[in-house]
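Shared chain: chain A. Partners: chain B in the first complex, chain C in the second.
Let's look at the complex of A and B:
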């Protein structure tokens, strides 16, 4: 194994991971792997690189493949660059019935990209996701940590304008 | 105890066991994929579902503990329905192309599908496809066939001790994968081939070479490390097509190391010697056996006994080694040795290296001191037992060595020191255990040595002290052995020695030594010359058994030069190299591993007999027969053997009736050296057979053995940098090698492996070494 350094993780991120490590027994460092991946993903502008996955592995005394298993299992870990504002559009059943197709089409038209792509200025990216648990106000999308519900083309334009 | 009923029959069973353990023990068939008796329970494949009375749903037999009064039906309509349904799910994505799959005919999925599946498919959609990946030289992949049982993943975590395979992605995209472009490098990696219930992981060296129904099997004993794993040859038309483990609870369980699994490739190397050859007037000619043996006997007859030497590899069998020494001693020479890797011959008596315990006892240890042992790479399955002790018994392991070999378990004290410091370190620990001994007057005890001593001094704990194979290569061998044995004595520990080769112990018992004969009995009369003496000054004649001087001997180029200067050399060998044609006068082709009958004595003390599985290549013959005829031609008495069993009986009888007296040895502190030269056989180059196993040479472990290794500080001191060509020179030898920075070395040490062509030019003189930019 050649991957052995955690130097890519910033001191701030390390302090953050250490806080999570305190919640678990000292010989069960791998328990903090999900938190650690989220922290380094945030540090890196929303996506994970192989080098970062190896850094987490080194920091938590894990094999890189074990970290990669987790990182590839959960869809909220990104493995390709994302926009500053990563737009996650729910297309699951409730949103679908309430017009998520139109939401997606409108977003793609307004931003000039397809789902899975990033705008040229790096500001926006679109991702299709499964149910985010806001069916009561479908259709919905998530940008950053915020939910935007009861979407209409006008409301989407308004949100995008605010973020530009 | 619990009383349970399976398919209408009542069984008294141990409560708490899982149902599948009970049914397996009683021969009741339950299909399974993810369950394996040596791995943790995943219960993910659902193939072992059975019908349990009062349970709302069928339960997985692998994850259901038995309880008193439990009623199980394995073939009720509900059980059959569940089995059929699971089988249908498993076959949804599994390609139905068994005719082009290497596993076809020995596939668990195929067998279970026939026995438990439906006879037609309802699935008409497209099947998933998984892109293949090169995961190394030993394992071939066809991931589309994978049914996600995760046995290979659990094997890595639980047995190999290094997680190299994982299950990445999820749902329909889940696949078995290594990290990015990594390969699988474990020394036990080949076992995943046996574990894989489908054709997703198959053996690369034997891929598409034979169909299982064309093969027949024969039993054998592993020919490399001293652990002595049991194995099975799969043979087609008198050719070993592959090697797999044979279950042996006391030794290798169900596992086999990669070295023992893939070394059979060497049997069919390009340079196999297939017919006897003699050198007449400087020309090599192929002759019949009679002429060759007569030529050899004529040549040997002319030599005065004292000028005759015999050297053998410790991979030879007890019978072969016994006959070789009997032949030489019959001719009046005690010049016989098999200790080709040894430098220090100061001990008067040589004891066979034994563990003095069963491998299973090591798994029960509480504290283990490892001295000069690289168990993980050299005796992988003994290391597995030690790892079990650490994992399940929380054993504390203390490791003292000249090289920091990577371990696959945590070590509580880890010391890497230069060889000359090793004696002082051991003496310090021994002094901390018994300060009163006058011999330790001038020894200082460091804090760490005191801590190690404290660790070893525990009441009511199982303490084991183990001296490994790497000590053989050090000039301080006698001192290291004396002190290690002393530490064991002072801590009331079991003292073990691992030995290096398949027959390290057998060679000593058989008497292939200059100062002692069969069963360790001291010889009467003058002691013969040891390997070092025989290989530094030319004698007039040598008989060599399975020995390649430039690669097998720690004296490398010096050994080769000495033999080249010898007037008459009889080489009994399985191979024919250019070097051999240079120094030998007669080449007698011998049958190798799998082709000969014989006995190995492993480090557990088992005399393991084996028979020939295939006929020898060409006109090669078992070495015991060659030696017998040679002895007859030389008029040596008592050589009328008709079977190898007769030889074994003769050896065993004497070994069982006589006890060896061992003389006490002493220890001395050694002087420091400016640059200390270290050497040991490379993992896949330790003997003639494995050196020729091409797949093993392509592994990461083999690749890591190339070059001249120093740590960063030493490189800086010598003003050398990684990758640079450096010249190593010693009296009588030199080599130009790339420099490898290796953090596992102590300061001021340089490590070069033997057994490789690149380092054969070195004399491997442990005394001096000069390292400069080339």
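Let's look at the complex of A and C:
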């Protein structure tokens, strides 16, 4: 069982998790669980499955419930499929004051989906998120790992065109 | 004067300010080298920090020198007992308070000041290991910081027996995964341990029971990054940049309705009006309506009050709010205060860790009541109910998130009551 679930994690992901394990005391493998979940999520196209969560538990010698707790607590772990380009739009105060409602509306119109949905071709998804800490460059959004700041409808169109 | 502490290395005309070479060209790592070579006593360094009146830049404003002093053994017996005990220095780069984005710039433009600051802290408190907790969304800042760590190791500035002085110091980055609550220091420690970020009961405080149960000091990114500049000059120098009890320059993130939103490093005690000017004034020629001076959890102030305050802990407290993390959110006269508060209330509802009933349930109540007011379904008793729920959260939770959720509600309604009343009576905004 352990061997089987653990085999869901690719060798590359395991090597990456092992690098994170080196940062923590040898008897504190659990400290690497956040990194491990992120790594297997990336390996799986941006979202986690129960099988992957249990594979992480097996790999780090943790109880599956302890990994589920972490996976369900932090907002960057996704539990259903997301688009290849997962667009996170900040709508908190500084962005709100500078037009994040318009950013969200523009994205929804251009992509033909609502927040929380994925485009039919699986290319894009939109998620409303809390403050991403780029308040002096509001409004902003994050796509994958990259921040896109000081957004305008034109700028959003350019970014989307590049990704299509 | 400006840009003398954390932004000393981030001059806009300086390319690649984040490299080791750029940092060393401006005197970087001289302080830690001097400390290590001369074996300066930790007590001396702490005294210098106390003189500087450096206060925690993450929001609480606690004296940094005093915090570090908790890690020193009280007497010879304690010194003997603590021998060989692993201690930790932890940096809080889990920047997530709405309106705050200064630590991101330190990580991006001046990561070596943070590394040197953490080394000095490690030496002073006796910690041979450090962790920098960076929020998970900050991928680029994380990479900058990792690159800087690698440079420092390569140059022999990190690792074992640094510069042949017998001092060992290892530094690692821990990446978060999206949780505002991990900015609370004990939630942050839980998170490094690989758990849900739920704050711990205090006492015991981290100085006695911290990361992995070991003595730990946790400081904010800007706090630690200020230390090398302070010790390179003197505590007196830093104090004199600001004013008594409010030492130094500080980063202020000015966001919202201004012409030039940006991070400004300015002396403590600078008039708010001057900072607003630096940011180009209120945008589009509009009038100032309200200011949140220290990040979303600090009470909102009316324009006329804000225009009379200075940007330091004591002056902002006297004006009825808090300096917090120095996150100045500017609102012009077109701002719908009900909508703005509803957004903030939703944030705290979203980010409550769920541990304490008053916060878990109370933030839900606040959000739902504000939501119905915003959608034209407000009831006459709602303002009293909001006040009531807020007051039942305040002071009744393990950590400060409960207070942080309640304070905006109380202050928005107190200062802009007529807007809320209008919404309840007419089902729409009285603004615009």
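The definition used in the following text is that the second predicted complex is superposed on the first by the 160 of 164 C-alpha atoms of A that agree within 3 Å, B and C clash if a C-alpha of one lies under 4 Å from a C-alpha of the other, contacts with A are read in each partner's own complex, and residues count from 1 in each chain.
Going forward, a contact is a pair of C-beta atoms (placed from the backbone, for glycine too) under 8 Å apart; a residue touches a chain by one contact, two chains touch by 3 or more.
Note that this is a predicted model, so its numbers are computed, not measured.
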Exercise. Can A:50 be said to touch chain B (first), chain C (second), both, or neither?
Worked result: first
Seminar exercise, completed: Across chain A, the partner (chain B or chain C) reaching more residues is C
Exercise. With the two structures laid over each other on chain A, which partner does A:69 touch: chain B (first), chain C (second), both, or neither?
Worked result: both
Problem set entry | Touched partner set for A:113, first chain B, second chain C, both or neither | neither
Exercise. Which holds for A:159: it touches chain B only (first), chain C only (second), both, or neither?
Worked result: neither
Problem set entry | Touching partner for A:123 - first (chain B), second (chain C), both, neither | neither
Exercise. With the two structures laid over each other on chain A, which partner does A:102 touch: chain B (first), chain C (second), both, or neither?
Worked result: neither
Exercise. Once the complexes are superposed, what residues of chain A are shared between the chain B interface and the chain C interface?
Worked result: 66, 69, 73
Exercise. What residues of chain A sit close enough to touch chain B in their complex?
Worked result: 1, 3, 50, 63-66, 68-69, 72-73
Exercise. Which residues of chain C touch chain A in the complex?
Worked result: 95-101, 103-104, 131, 135-140, 172-180, 191-197, 212, 253-257, 261-263, 292, 296, 327, 329-331, 335, 339-340, 343-344, 347, 350-351, 353
Exercise. Within the complex, which stretch of chain A touches chain C?
Worked result: 23-25, 28-35, 37-38, 62, 66, 69-70, 73-77, 88, 91-94, 96-98, 129-138, 142, 145-147
For this session: Report the residues of chain B in contact with chain A in the complex, numbered from low to high.
Result: 162-170, 177-180, 182
